[in-house]
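Remarks on the structure that follows.
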């Protein structure tokens, strides 16, 4: 630069300055406008709360939805709901992710390419209903022309569903849910009482659990968790002791004071073994049992003859001393309770209720009660219906999925394509991108829980009559349908008896009718605090009912606001009454005595090995698949609803630190033979397939067994669900996945 | 014009094809690193393979390593100056340049490691003096200042000499930098005095710098970081890797610029002996550190110990042990192998080993936290490797650049000591002595 | 001045992880994928870990969040005071001050501080689910459990608007609010009549790694008799 | 060409300094709202959350049409008014805003701490034009100076979220 400022330079730099100022001012304005635009969210931040019911399981927990400017941001438990008491489990918390699931179906659609890549054409709801109704009308005339499958539930809306499809001449079946209702028939066999068992876990002091997933999702998740907390550290009694008999180290086994590994078959034997010790050592209150004896003598003879501790020990591998100790602990506890999983086979449920009867748990605080009056569920099994379809025994013209639960409960995932092939037309009502949507020809997505009117009977857990009733908590996000309104539109389009069966226009009508019924029942109260329900209980047992509302409308509003209705009056002597009415206990007599263990078939104990070492060391070819593999579904997986919830996948395999992973549990010694470290990647191979998983060492697991976590879902699911490993059911091939599978596990 | 030290001056004024090729190659690496850094700035530290609980990895390893190497120069040249070791004269400059340049990369790696480099100034705007990181900031700043001055002061007479025989941009640059040096006795007296003061000052600062770097780790209560000997251990390691770096640099400069007349086998042998001493010291500290951990048997400490000695980090650990102790000890303890080639091999081995040592200090402790949270096996990402390569390339490039602007051997100091021949530090009577 | 504390009864805790999900939603903690989780990028303020506790044959499932130490190792080492102990004993993190050096995450013996390796990411459809009371942390800063401090501020404002003092039930973190087993109790440790103060004095009470001198305000109650 | 480099650099430097040194530019609002004309009405009548909620809120058309049946005067264009009358949202641009990481509640400052709206928003009642820029510089020092003066909490976490 020269020292003298020329005119040229002056102009040049002057111009540059002006250009700079202009540029700067433009930039400044652009930035300010951008800032103002960025401040658009959130608009006002007005917080409101709405009530709804959680539908992640059958528990029916009341939910409060926190809305900011009308948009749901968080779920909390409804403090007035007697099931939830203001709490929610992990699935309940994650339910909001179902509403926001980015892969939710946006509206009705028709498949345009059946094989290869699915291609879909969006339809308006009118078109969709017309098309579906056409198909249904054609199918009505054929026997079993329509097959309808959905998750099991109780309540007015479920009844409307049943009524509609019955009128359409459809074959209905339901996926069984693990609720107390499933144990009802077994309780009835023993006692004659028609109803669901109510386990009073909270007040028990000693719980002997046969596979009951008490801290996972037993009967009614949140209710059980709270009961467990109080059982452990309740006000009023000493710390409750829990003994868990389970095929694997479940979360409950981890929390238990003692865990005994036993398969379901062995559990039955063990239960009768304990019963036989109680009887032989005369540790049952015969005076109390006497009036209700029934076939007690025959039962006692059978059990004490065949289920001797020695026989039981040899059949189950549980030492004799442990069996004796369990029986003595059970008998000496002040309020013992024997618990069982809802989906236990009949033999195990019978054995458990028998034990409950022997320890005097019936109609006793901390024991088992019966809750009669709820509709008895006598329902065809959707899984069996699906198997029939897959095998071609049943060839419906139209197959309707209320949700994907039947497909998830199927043993082999390969069945899905066979199912589609054996049906003319498949309709899925599921709101999610899931297994049923993957094979459907026709998608009619319905509203998700927080968008819907609700009226359902929560699964039996609380000793009271409950109905959970709510309005939609939020407006619908996508072009989905109200389920009852959809049925009604279909009915109108089909006409005839189907149309006549629909005495509603939408779910709102069904809910309204239920509320009217409740208002006129002249009992119970809208959900209220414990104090208020106790007050109603006092009044009602006194034979006098104070209406909680001045008018029917006020009552309806109140129920919808608090989220449900409760009649706290409960007769705690229903089992005793039933027993008196039916001539006492009808013990199901265990038929076959336990087979003495075939030593060759099972792994030998160390003693036997020591003995065998003296004999002939014959060179034995190691079996190709030496391990028995069990599959289990982690408690945070919802088998009926949306799987595409990322927060829940992060919980998988915790606390061992295996988020998002399938994991296989192995005995450390078995693992050591294969040089498999804790946390190592392994490959599981069966005769049918291979699957990669992470190994977790579990001390105490029988050395010949392994347990593999199972998350249904896969490539046909939403963006997160498809990330969680392959479908482990492949390992079983055509065999039912409820039984162990022969596998080998090696480091990968 | 000609000069007694024409061999020193000539490389400054000429740029040959070999230099150009190297410059282009290294420049390409640096450019690639710049791309990697932009990638990291855009994507955040997600571009690395770090994660919970391994929050620090390659960058912090490099930080500690570079700060360690920076002890090469200043400390060694200052100590040798103070003890008036005459043989130091041709090598002090080379060492001091390493110090100053490498410090920038030490600091730079911390900036690379920041989640929010845009907020780096918060450290100065909102300082929290209980944080050892702030002690680091302070001591490194002081060290950088001091060692820059310490590099600059002895440069002045040489710059003046260059000034007198150059013109153009070089002339202007040297004129400014020579700040009017004319070689009057008064100037010489002041210079000698200033250098003397700086030499004394710089030693405690240098020791403090690496002590504080070690305290970044030792002040936490993490297993195998929370160690009282970390300060001296790191200082010893720093001097160790520093000497190795000087020897490596010397060998390269000697070969490339044909300075065999100045950098003689005795220099390598003497520095090799120093390196041998440091090898033994390093072994002593390492042994002490690991023995106490092992003997103490504290489970959390032992988990890290086992991860290093027999666990997933065992290959790195034993490689470190071999290259930090076995290789240099075997080569340097034997006078016959303590040749130029031998010391250079030993030095490179030590440099690799010391980098591994820094890595096996930083990562295994983080991989085995006290809390049983989910951990994973850390393997640096391409971004991290690229930035590391970029740092080394940029250092080499800057070092090359320096040799093209300033004399890499202090000419006036050689002249000041001209009558004294270069002698080995170990006198003949010692059994291991080398012949003069 | 209150000293907020949390008691977790491990005997009651069932390991159901409802608290984990509640915390994630309440505090806008982003989701992971299998890849990010495997690379140590799982973002959680609260998670279940398998801790070997004295007197237990197998590892216990321990809900682990910021232990809200009274002598936090993390705040000492922060070069910019971005993390500090507030007067009510909550270890706070000031995001705009944080330079992301991750010294605090390394100093924490509980490894409960998490770092935003990338910018937080929600699918567009899920963005409205974020809690407007809690900020979205940008990439490059450290975050951790704050005992749902925003709930304290809201509760205090509500109480003042109603013209009363803050009551024990007014302020409860999201994890405590949802705990189905009633295993978590939250309150003011400095109030001798509070439930937390009583439980903290229980013979079963222990503070995890208290031998390190961190003085946590998360107190666990031992499992078993 | 080389001669042009310095002037371009100068231009860019000036532009940068201009943006950095000056306060944020005022933005244009869709309606030329006259606060002074509405001064008889309390702030919270239109800004409904100003005393009861965290956010004061900027009134939407439904608030206008509670009083105005027809277009007020020529300051509101016919097209703008037709939008208001139809209840369509008004595209106000929020100019006074705290950063995302700050938890600010109007209620805490107005009805609880008894601060006048004017302390932060200036004398809105005297304004004849809508806000194009914040009346007060929204910066931590502004907040802190008042908090210090009034003895309010100076704990970082009291406002930072």
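We call the chains A, B, C and D, going by the order they appear; numbering starts again at 1 in every chain.
In the analysis below, contacts are C-beta pairs under 8 Å (C-beta built on N, C-alpha and C of every residue); 3 or more make two chains touch, one makes a residue touch a chain.
These numbers come from a predicted model, not from an experiment.
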| item | value |
| --- | --- |
| Chain pair with more C-beta contacts, A-C versus A-D | A-C |
| Central subunit by CA centre of mass proxy | C |
| Inter-centroid spacing, chain D versus chain A (mean Cα positions, whole Å) | 51 |
| Gap in Å, rounded to a whole number, between the CA centres of chain C and chain A | 29 |
| Distance from the mean Cα position of chain C to that of chain B, given in whole angstrom | 43 |
| Distance between chain centroids, defined by C-alpha means - chain C, chain D (Å) | 36 |
| In chain D, residues with contacts to at least two other chains | none |
| Residues of chain A engaged with two or more neighbouring chains | 42, 45, 657, 659 |
| Residues of chain B touching at least two other chains | 372-375 |
| Touch-based graph of the chains, sorted into line, ring, star, complete or other | other |
| All touching chain pairs, where touch follows the definition stated at the start | A-B, A-C, A-D, B-C, C-D |
| Complex interface listing, chain C residues touching chain A | 9, 11-12, 14-18, 20-22, 24-26, 31-34, 37-38, 42, 44, 47-50, 58-59, 61-62, 123-126, 128-132, 174, 177-183, 224-225 |
| Residues of chain A that touch chain D when the two form their complex | 1, 12-13, 15-17, 19-21, 23-25, 27-29, 31-33, 35-37, 39-40, 42-46 |
| Chain C - residues contacting chain B, complex | 37-42, 47, 49-52, 59, 64, 73, 76-82, 97-103, 105-107, 109-112, 114-119, 139-142, 209, 212 |
| Interfacial residue positions of chain A with respect to chain C in the complex | 41-42, 45, 68, 71-77, 86-90, 92-94, 96-97, 100-102, 104, 215-216, 221-222, 225-226, 228-230, 232-233, 239, 251, 254-255, 257, 635-636, 646-648, 650-651, 654-657, 659-661, 699, 719-720, 723-724 |
| Chain D-touching residues of chain C, taken from the complex the two chains share | 84, 86-87, 90, 92, 94-96, 133-136, 146, 149-150, 153, 157, 160-161 |
